[in-house]
Amino acid sequence: MFYHDKKLQYKVRVDKPDPQFARALQQAIGGIEGEIRVCLQYLFQAWNSRGPVRYRDMLLDTGTEEIAHIEMLATAVCLNLEGSSSSVIETIVGNDPLMEKIVGGGDPRHFLSGGLGALASDANGVPFNGSWIVSSGNIAADMFSNVTAEATGRTLAARLYELTDDAGMKDMLAFLIARDTMHQQQWLAVLEELGHGNMLGVLPIPNSFPQSKEHQEFSYTFVNTNIDPDEPSVGTNRRWTSGPSYDGRSEFREAKAQPYGDEPMLAPPKPEGYAQTEQIEKAGKKN
Amino acid sequence: MFYHDKKLQYKVRVDKPDPQFARALQQAIGGIEGEIRVCLQYLFQAWNSRGPVRYRDMLLDTGTEEIAHIEMLATAVCLNLEGSSSSVIETIVGNDPLMEKIVGGGDPRHFLSGGLGALASDANGVPFNGSWIVSSGNIAADMFSNVTAEATGRTLAARLYELTDDAGMKDMLAFLIARDTMHQQQWLAVLEELGHGNMLGVLPIPNSFPQSKEHQEFSYTFVNTNIDPDEPSVGTNRRWTSGPSYDGRSEFREAKAQPYGDEPMLAPPKPEGYAQTEQIEKAGKKN
Amino acid sequence: MFYHDKKLQYKVRVDKPDPQFARALQQAIGGIEGEIRVCLQYLFQAWNSRGPVRYRDMLLDTGTEEIAHIEMLATAVCLNLEGSSSSVIETIVGNDPLMEKIVGGGDPRHFLSGGLGALASDANGVPFNGSWIVSSGNIAADMFSNVTAEATGRTLAARLYELTDDAGMKDMLAFLIARDTMHQQQWLAVLEELGHGNMLGVLPIPNSFPQSKEHQEFSYTFVNTNIDPDEPSVGTNRRWTSGPSYDGRSEFREAKAQPYGDEPMLAPPKPEGYAQTEQIEKAGKKN
Amino acid sequence: MFYHDKKLQYKVRVDKPDPQFARALQQAIGGIEGEIRVCLQYLFQAWNSRGPVRYRDMLLDTGTEEIAHIEMLATAVCLNLEGSSSSVIETIVGNDPLMEKIVGGGDPRHFLSGGLGALASDANGVPFNGSWIVSSGNIAADMFSNVTAEATGRTLAARLYELTDDAGMKDMLAFLIARDTMHQQQWLAVLEELGHGNMLGVLPIPNSFPQSKEHQEFSYTFVNTNIDPDEPSVGTNRRWTSGPSYDGRSEFREAKAQPYGDEPMLAPPKPEGYAQTEQIEKAGKKN
Amino acid sequence: MFYHDKKLQYKVRVDKPDPQFARALQQAIGGIEGEIRVCLQYLFQAWNSRGPVRYRDMLLDTGTEEIAHIEMLATAVCLNLEGSSSSVIETIVGNDPLMEKIVGGGDPRHFLSGGLGALASDANGVPFNGSWIVSSGNIAADMFSNVTAEATGRTLAARLYELTDDAGMKDMLAFLIARDTMHQQQWLAVLEELGHGNMLGVLPIPNSFPQSKEHQEFSYTFVNTNIDPDEPSVGTNRRWTSGPSYDGRSEFREAKAQPYGDEPMLAPPKPEGYAQTEQIEKAGKKN
Amino acid sequence: MFYHDKKLQYKVRVDKPDPQFARALQQAIGGIEGEIRVCLQYLFQAWNSRGPVRYRDMLLDTGTEEIAHIEMLATAVCLNLEGSSSSVIETIVGNDPLMEKIVGGGDPRHFLSGGLGALASDANGVPFNGSWIVSSGNIAADMFSNVTAEATGRTLAARLYELTDDAGMKDMLAFLIARDTMHQQQWLAVLEELGHGNMLGVLPIPNSFPQSKEHQEFSYTFVNTNIDPDEPSVGTNRRWTSGPSYDGRSEFREAKAQPYGDEPMLAPPKPEGYAQTEQIEKAGKKN
């Protein structure tokens, strides 16, 4: 079963709110390359797992980590929809002419349906679709699907990194890109354990994104989200927690999950968004 | 962020595997009344929350609990797809003529696409759709949507209870129905705090399902999934953790989340499902 | 069965056509909070109704009213896509820089697929989806779903009201918001009749929208769309046609449906939209 | 705007309830060839109409008639889900082994999600999709789309006729098939008025269905659903209300809409469907 | 079975790349009026054909031609996403203020998910949907559906022609519009052979688009994509390859398929799109 | 551009028609692991290709081959829907009790919507969805997606092989499984050329399916569908047309595409399916 705390896995800061970037970020939440997809895909693969227990545990660990990534990105969308102005209109608009042109304005449903909140859909407002969850019962097929998801996901994150010059957003994306670097390789480790040859060379995908820009302290660490301190049991030897990484640049290691971010603090509801009166009055209060 | 252990929130036992019931259970996983929907709906409402912090925490607690419900149901689907026979064909077929007629055979994708695993779709194989996630920015609207989800969800669970005579499945559903009883009322508690009158009388929905059949020890308990033992902080007074329940039959209370179930144990892959050879050979082994 | 006349339920006037607002209005036509959804939801609940006849009739009355709301909004979309300019390009563009930024330009399919007409989709062009229709067979669950639909619908309408400064559009929305005020309460009346307590306080949702802005003469009136003058039969006592309203501000009453609007008059097709030649030549002619 | 009475356009009688046929009927409700599609398609074409007013009126008349067809089919689904047995299980199952094999059992969501009610989806449970609504702004393109809809719709109805031997269902389908015969031809009449040649010979599509089986008294009559007795105005000359029919077998005529069916009477909710207690107790009562 | 060469059916040239027009073109690729739909619709009708063989062959010929149209449009999207600038941002933006306003900026997924490539979706990013494929088993119904597809398709192409002033794009569209002129009529020829009267007058739909603008040398030619030089066999008499065209303006004729375009040459990947390093280094090289 | 002949790539024979197996085959046509998906995915990757030309050509070759696979499977569905009986009801039903139980009866839309023809949807009638087409602009990500598609596709084909005991169907599937063996490896060859290590050991996925059952003469042959006899040009050296295969069992080779099957011959339309009269009369005739 599952647990939570109130902090983010990594800090989410937005220096200059940008509703158009909020729209672009939706692709990483509800798109086919996004975090809802990988979260549910790894969890379903774990829950359906009939093979060696070691892979079930691993899938559960990483599937659980991905929930925290959806949380980070939803928080980032919310923060990008805020603004210092008193007018919701100016808030939605933002001031970045380039971004506005690229993504074609914000997603109108961020305001109309969400009241300045994130949606379970992609950058065009197309809803997340459960057909994207691959859990085939064949672990090699599943691992190739997982590498694909992390490869397209890291490519997407790199492109989002390119689209923004907000230091806070670049910092968050540098963390997520690093996690994708690790996740690509841990699925390949399963393939190697199953008899697949090494995959040196093309990694991490995309290999044209300078790794100096990612937070490399997180790029080779398997994050163990199990609250039981004795999991995995002593002596368990797993290829994805030790030994050289597949991109030849580091060593795999393991760490118990812990939050590097804080409890998120969103701005109170704007009057123009028509929250309940009580929400507006009590916003920011503990009780 | 999020954590897990390896056990189920409540025990999932299938005495007589029944692939047709597996198909029916899918409605509770990936249907509009299902657990993926409530899980993501409560989590998005939490992440998008700009109102009083007390509601954000509550949504996070219950959204996290719902992940464990998807896990239970996915496990139940897997177990219902198993069988003692050596033939995948007999496994899929099952032996219950009534169930077979009602749901019209199993979902062929349980075998074709899942290799005897659960899918992120409904009882007709229609994929989960992100458009069902309501997070409007208005907490009263959201709470009505949440009560709706728990009311249709409990109705669905009661109908599933009616469809099976497997003692293990009835036991699991009695737990889930009890949790829906609680969840309906905790969202109403928010409405009461916001000024809404009491809702005695119609609860729990459906009120025609005999409450003696549900596990009532779980029907009035708010499950706190926060791993921080100091959350909520001392002295926090919340309507959904104390005081009389809205159906007039008990008192609300609170408990830290803990698993009542065990680590799930699925049967090894059937040869006819074409897992990788190594999965079949090492199935059930720890490493 | 069903009938029509050629007039609108309430007048639809657009002083300054605005294609971006046309796009935003689509959410109220084909979105999950929109009028196609409530129309079909109430009609299916009526057609599937096995409970007391009084609720079947009520659902039929209001489901029929909602068709007229789709009609009003489709007309509003068409009028917002018109313009005095001879160029379809300028027509589509409009002149409101703020709106353009918020909704990110018009929906290109309004021109490409509709020839300046409304679509059965939401503000992002995502098609209406029948999975949104809730008709559960449990009337309490259905009524909570109906309140949700009217709560999110009224919140959407209030946000649309905020987005426009066109006097005609504000007038139309003030009518629709008033109808949502009534509809929220009439579903709650069913719950009260079934034993639910009162719901004073939070209503209407959102309660932060100033009711002085809505056309309050329509806010507490049940509209009877039955063409039979003897329906309902004499002596029928229904909670939603008399007695104090649930928001404590007025008394419920009933009126036979009648059009307050005129027959809609759209501009002729633009040459650039490539209607048939005969359409362009005979546009506006009676025969 | 729109009105209703409480009767069906034509009588809906089910002699032997058959849940499998209920599933097949769903294709005619929520499938791409179904009645929700034609209803919304004709209404959107009317609301978006910028061409000669005569076509707008005609589309409004027939779009309104189609609502009554959805109503008839939803009633037929409900009646087919009923049974004299006290057990919901036997009710769902039915007794027709051939039908059961053809459609593969009933739709499990008829029970799980609908409590023995109709859904807004097709025979496989796939939801109605708004993308099917064609309203292109070019009337010739739209009329070809309308003929297509009535041709595939009549083919579907003929196949449903073939699948059942229930006299009540055959009677209902004979009416609907006759209406499709008329509707195909009235859209062709618009094309003729616009300069298109005659279309004798292939009509009605499918031309292999014996017209002796359809209720031919309804096959050449334009049904005017306008409640205004003076509509159309005196002297209006329209090709689809007089002159020889396009299949060369009769004359077109016009009639004001009137119900040939009665107020539908469904059985009370089954206990196993978990309606609210009050629904079960008061079912069938007027108040 | 199927074959290809490396050239385009007709030349695709973009003089001034325009990402917003790329978005609009997507409607002709993945929209309901688009080329994926007609391609699959004609091929499925051919594969499912049980009627006279002559129609199976014809459908196969034209279904195969349509693949080449998807190819042309995908190439056009790619070319419109390119630019002389070194910055992907400027590339996406383009310089046409009118187009930008009409379509509301480019599709952000062209960059985020496609790395400046075409998608299998419509102008709003809504994915192509297989439910649009009509293959009913009744050839008259199918032919009306095919005429509808070509009528709405030609209307769409005419509107795209209106939206651009790029000479290369107008040239490509003039070819595609001409092919739609032919395709509309060849489906009508089937109807005539089956006994349908002539259809002079309304054709081609839309008849308001000046035919002088289309490449009329392609407007009345049936393109035979069969690689067997003896197909069709000598003496085969088919209405769609000889005799007067249905719009009364020319004679039908037939030609073996041949490319009028060249092998497409796209620009190398932009660094900002994060292709693999090797792709960027070797782009444009033969091996 | 594209061409065709009238023969199948490999013979499609059905000894004992089985409508339930027709339903299962739909997963391989319109499911996420199916042939429409790989066909469009490879073609879009080719059309969007900005990298080395050698990969564009390869994608075009294989994408074109996949159209022939859809054709084979659609033919197989049609043949499985036929029968010697004069009754469409018996035709649909078939006689295999095991299959009937597994897939739960046929797809009712095969008869209702298709008149005994294939659909563009999966084994549950869920339509093909364009969101499944991955063309990311990063060739390594794309190749991992392609291997995934062929790995899940081969797993699906092996499961279909398991479900049938029809010798004709097993023969067809043995061919398709062999092609998947080749296709998996050719995408890996691209990865190797880009610097990826070898992948010996896990291949082909699933490795538990006995390769003796597949038609191994097709398992290591790259099929060149280009009609130009000089393509590829002399001296082109490509890893996927020579050298040891990645599963260590053979050598790669290349062959020009040629049909091993015949022109498909379907049975005439059944009267109960309501084709046009002329279709039924002229079925099987050349003209």
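Every chain is named by a letter (A, B, C, D, E and F) in the order it is written, and numbering of its residues begins at 1.
Here, contacts are C-beta pairs under 8 Å (C-beta built on N, C-alpha and C of every residue); 3 or more make two chains touch, one makes a residue touch a chain.
Remember, it's a predicted structure, so these values are computed and weren't measured experimentally.
> What is the set of chains touching both chain B and chain E?
Both-contact set = A, C, D, F.
> Return the chain pair with more inter-chain C-beta contacts, choosing between C-D and A-E.
Result of the comparison of C-D and A-E: C-D.
> From the C-alpha centre of chain E to that of chain F, how far is it in Å?
24
> Per the centroid of Cα atoms for each chain, what is the distance between chain C and chain F, given in Å?
47
> Quick one: report the Å distance separating chain A from chain C, using the average Cα coordinate of each chain.
38
> What are the residues of chain E that contact at least two other chains?
23, 32-33, 100, 103-105, 113, 115, 121, 124-127, 129, 131, 136-138, 140, 152, 155, 194-195, 202, 205-207, 273-276, 280
> Using the contact definition from the top, classify how the chains connect: line, ring, star, complete or other.
Here the contact pattern is something else, fitting no line, ring, star or complete shape.
> Each pair of chains that touch: what are they?
Pairwise, the chains that meet the contact rule are A-B, A-C, A-E, A-F, B-C, B-D, B-F, C-D, C-E, D-E, D-F, E-F.
> Looking at the complex, which residues from chain B come into contact with chain D?
23-24, 27, 31-33, 98, 100-105, 122-126, 152, 155-156, 158-160, 162-163, 202, 205-209
> List the residues on chain C that touch chain E in their complex, please.
Spelled out, the residues of chain C in touch with chain E are 23, 88-89, 92-93, 100, 103-109, 111-113, 115, 121, 124-127, 271-277, 280.
> Quick check: in the complex, which residue numbers of chain F touch chain E?
Residues 1-9, 30, 36, 40, 43-44, 47-54, 57, 60-61, 64-65, 67-68, 70-71, 74-75, 78, 113-121, 127-131, 133, 135-140, 194-195, 225-228, 231, 236-237, 257, 259, 261, 264, 266-269, 273-276, 278-280, 282-287.
> Using the touch rule from the top, collect the residues of chain B that touch chain C in their complex.
Touch residues, chain B against chain C: 32-33, 126, 129, 131-132, 134, 136-138, 140-141, 144-145, 147-148, 151-152, 155, 191, 194-202, 205-207.
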